[in-house]
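Here chain A shows up in two complexes: once beside chain B, once beside chain C.
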Partner chain A sequence: MKGIDFTSTRFWGALILLTLCLYAFAAPILSSQDSATQDLSSILRLPDSTRWLGTDHFGRDMWVRLADALQLSLLMAALCVLTSALIGVTLGILAATGPAWADRVLDGMTTVILALPGLVLVLIFAAILPGSFWMLYVAISLVQWIEYFRVTRAITRQVARSPAVQSSRLMGFGALYLVRRHYWPAIAPQLTTIAAFGAANAILMMASLGFVYVGIQPPLAELGLMIVEHFPYYADAPWLLAQPLIALALLVLSCHLLAGRTAR
Partner chain B sequence: MSLLKVTNLSVSTADTGLLEPISFSLDVGERLCILGQTGSGKSLLAQAIMGNLPDGLSSGGELALFGAKATRASRRKLWGRRLSMLPQEPWNALNPLMSARNQLAETYHRVRGDEAEAARQSADYTLALQGLSSSGHKRVDQLSGGMAQRVAIACAMAGGAPLLLADEPTKGLDVNRRDQVVQQLIAQAENGALLCITHDVAVARQIGGRVMVVKEGKLVESGLSDTVLNAPSHPYTRELIAADPASWPERNAESSPGGAILLETEALTIGRGSQMLANNLSLRIRRGEVLGVVGDSGCGKSTLGDTLLCLEKPHTGRLKRHVSTAPHRWQKLYQDPTAAVSHAATLGTLLEDLVKRHKIERRRIAPLMARLGLASTLLERRAESVSGGELQRFCLLRALLLDPVFLFADEPTSRLDPITAQSVSQLLVEIARETDCAVMLVSHDPHLIAKRCDRVIQLGGR
Partner chain C sequence: MMLRDLLIKRLLQLLAVAWGVGTLTYILMRALPGDMAYRIAASRYGIDGVDSNAAAMVREELGLDQSGWSAYWQWLGDLMQWNLGNSLVSGLPVVDTLWHMLGHSLLLALTGMLIAALIAIPLGLASAYWGGWLNRLTLTLSTAMHALPVFVIGLLAVVLFALELAWLPVAGFGSAAHLVLPALTLALSLAAISNRVVHTEAQRVFSAPFFEFAQIKGLSPWQAFLRHGVRNISVPVVAFFGVQLITVIEGVVMIESLFSWPGIGHGLAHAIFARDIPLIQGAALTMGVLFVVLNTLVDLACHALDPRAGDPA
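After this line comes the complex of A and B, so read on.
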């Protein structure tokens, strides 16, 4: 690493993401309000000195609700990226270096999953147990590990045929050593890009499900759900609808910026 | 009229000079060889003339092509038709998705402007001339290094450019093919001019014309090839010439070491996948002997070694190891050391991995490194920032720490410059004698084999 490049897209992506994280985790602590308390005497209030982002149609504090929603999205993104990367990379290395039947089985499995549009698959899972955060997490991870698997398998296959790996084998090193010194260093640089896009996708998927009421259920705050809840008030309180929209856009933008240009 | 006139051409990065100002001109029918070790800045010269220096490098001085001052943009129009370059790593220059025949035909079609049918015929004819008729349908990854080289040469020549730059055109070719390529280059230069960059003194001799010897970006000697190569005045030129295998001292003709038999094969048929490469191989390898393997490129030299190392299954026949040792005492040295070492950790870490894995005594390392001429600071660096020669010796170090009984060296010196090649191959012989290890040395250079090996196996009967 040679210092920080302030003109790089990655820097701006990281900056936006850090700011959002800071807000999402610090705002509820700093505020005396909580996200569920309703105050029907002061609904759809404009932002002021006590209610920094105003209140929604039940008089709930938006500053805290938005932070809660962001927390949920960030948590989901992080969990999905970690899980799908772990599964995808492990199975990818296994398929590329293991017995031929394992490769065939895994390849068949991914082809079947790929044949269905990802969102439809997630929708089916979400409909089985509506409102469950963990069901959503399982469903999104199930769709997303495929990409890690395919990339890992392609790279590992190539590396496994290289003289370097043959040489390490001849010197008596085992499979774990090959992963540590040969496969992982070749895979790792590609993962950050997939992970950044994966995180953005996970966030969008959860919001999409919230938008069609099969995701997280009220009264929990979730970005997609908030958008659809605020929708009837767009004429009276446009700032209210704008808040979750802007938050979602910034979150996805930061992930895409983080992906940066593909390393060559 | 001079086809190429170079005045004070230099190449530098932002803060350091890589090639000091150099001037020369080439007329029709002239040939010029730039001779020097790897890393001496020879390839940069070719790139500066072509106008495709890598980013971050800039060239100074003046350049005139076909009597007109050349700019970066004007040169681009000349590429292929009037000014052509044979690239150094052919497999990187060829399209990995097309068959050899199709890409050659495409070059005839697009660059020379032949009709599609005529282009295909020209391609077939050229492939036949290069002895590649049966491989025309193969993609680059299915061709051997030497074959890919020949296809790349055919493509570069297809445009019929009068001015030809050849960057190490014979690297990795066996002697027959090398001579063939050199003849082709000379024939091409009859009506044009040839600039050939090489580290092979023999190639420079064959091409004739003028020679410029470059060391570390600096011109040390130039003149007519006969004069410079037969009566060199600069010590570096003398060193280069002495390092050519043809001028190595003769092997002292001691009786072949008759150690115990290590390995025996009986009517062995070898091949890669389903393709048969050589059959009826019956050989006996004794401990402590150096066995040479020669043959055309693609005849199964590497496959023979892989079969003996049990990396490849023999198609038929028997293979018997007469000693029972741990599998890691059967080792291999690779043609391209940079591809044979992980780039993810420093060399020191990789060495430490080996020491831990096999509980090697640490005190053995330092004397062996000194013996191989490896500085201890080398271990702090990674594979990509170490020269090929140093890396090959590092590979040898790792192999030797494992007390090998058999070492298969697959063209271990073909990517090294002659001076390093001489010392590495000498080391291999010394080690075979001292440690009673059998060494199987593959090379396409008959001089090297003749001066280093006790016995020679010829594959792919000619």
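After this line comes the complex of A and C, so read on.
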């Protein structure tokens, strides 16, 4: 690794993401307010010395609520990326090196899942258990592992045919060694890009569901839900609507920048 | 992959859509907490109008009194015969409602894609041809636009054009003015990425040896573009359109909900909110079928544009 390249998009993506993480996890500690207490005598307040980002339509503190919402989004993104990467990479290596029937079965599974647009699939899952964070997590991961699977499978197939792997096999090294020594180093560099886009997509999906009111339910703070909740107060408190909008846009932008290239 | 294999795969996907949606909505129905029949009857007749007779009627209609497996088979059998039942909320046949909504969704999607093409293609070509500040500007704008979820773009459009400037209606359906903001929102979110794809492909073709040779042998830049550029640029762009279909469908769901546009996406979100299971099933099914059919059309278009490729996917 050379020094940090301050002009690279990845650097800026990482910087924005780190700042958001820092805010999301440190903000509630710094403030004496909490995210659920309503104060109906001081609604739609402008930022002041105790309520650093003002209050919403129930008089709840926005500084803490926004941090809560960011935490939820970041947690969802992290969980979805980890789960789908783990499943996708494992099954990808299995499909590329395992028996032919495994490859066919997995190929069939991806064809079936890809037949429905991701958001529609997540919507139906969300309908089964309304307002459940874990159902959303399962549904989003179910859609996202395919991307890791396809890339891993393609790369592993290529590597498995290389002379290096052939001779490793002839020397009697086991499957675990092959994965650690040959497959993983070839796959790993590709994963950052997929993971960054996957994180952005997971955040977008959850916000989209919140926005059409079938995702996380009130009174929990969620970015998409906050946007719909604040929209009716646009005329009185435009800054209130702006807060979740800006947070969501920055979060997605940081992931896109971190991916290192403009989409696809 | 040969074209025939690809079509078989698409057909398989069509079956998968029907099975997947059918199974998920069946689970959805069984997973309703409490006595399902009571809950559904309550949403149909209002909470005061429910008695055990109404619940029994619903129970019989939906086969809720049968054992799990036989009800499941009946559910899938009905689906295969395109017998989607009646909406639990309005009582109207789901199929009629779907046809009505499909027209509106297609109108929105096609207008949006048309505007997207009108923005993305000239912008992509121009930024590839002239480069420089125009390229940097479109790159920055595209990146920023791409970071905005489609419903945020729509919301900003509403705030700007409907609330601040009061040029256009906020939401709803009726006149042509109602179509402008939803279609523009969809177009912007599509054009954000596709103008970069056009740009990359155009740049590739403009700097290719065959393109240079065409000009050396005496064609004007415009002639060279028409004879050697258009088709070579359009193959990957059309293929990319297949990738973007998912953005179109997901965009339609969000945009229709935002603008109360009476299409399938709005219908789906509403049905989920109201727990109207037959309508959820119908709407999800229609979107899935539409998705597979459009994908097939893109495959065929790629094949027609570039018959050399054995692998149109």
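Just so it is clear, the second predicted complex is superposed on the first by the 260 of 264 C-alpha atoms of A that agree within 3 Å, B and C clash if a C-alpha of one lies under 4 Å from a C-alpha of the other, contacts with A are read in each partner's own complex, and residues count from 1 in each chain.
Definition applied: contacts are C-beta pairs under 8 Å (C-beta built on N, C-alpha and C of every residue); 3 or more make two chains touch, one makes a residue touch a chain.
Since the structure is predicted, the reported quantities are computational estimates derived from the model, not experimental observations.
Contacts of A:171 after superposition on the shared chain: chain B is touched, whereas chain C is not.
In the superposition on chain A, A:30 makes contact with neither chain B nor chain C. Contacts of A:105 after superposition on the shared chain: neither chain B nor chain C is touched. By the touch criterion defined above, A:182 reaches chain B but does not reach chain C. By the touch criterion defined above, A:75 reaches neither chain B nor chain C. When the shared chain is aligned, chain C comes close enough to touch A:214, but chain B does not. In the superposition on chain A, no contact is made by A:86 with either chain B or chain C. Set against each other, chain B and chain C touch different numbers of residues in chain A, with C touching more. By the touch criterion defined above, A:22 reaches neither chain B nor chain C.
No residue of chain A contacts both chain B in one complex and chain C in the other. On chain B, the positions that touch chain A within their shared complex are 309, 311, 326-328, 330-332, 334, 336, 339-345, 350, 353-354, 357-358, 395, 398, 402. By the touch criterion stated above, chain C contacts chain A in their complex at residues 9, 12-14, 16-17, 19-21, 24-25, 27-28, 31, 139, 142-144, 146-149, 151-152, 155-156, 159, 163, 193, 196-197, 240, 243, 246, 249-250, 253-254, 257-258, 268-269, 272-273, 275, 280, 284, 287-288, 291-292.
Only residues 162-164, 166-168, 170-173, 177, 181-182, 184-185 of chain A touch chain B when the two sit together in their complex.
Against chain C, in their complex, chain A makes its touches with residues 108, 111-112, 114-121, 123-129, 204, 207-208, 211-214, 224, 227, 231, 234-235, 241, 245, 248-250, 252-253, 256-257, 262-264.
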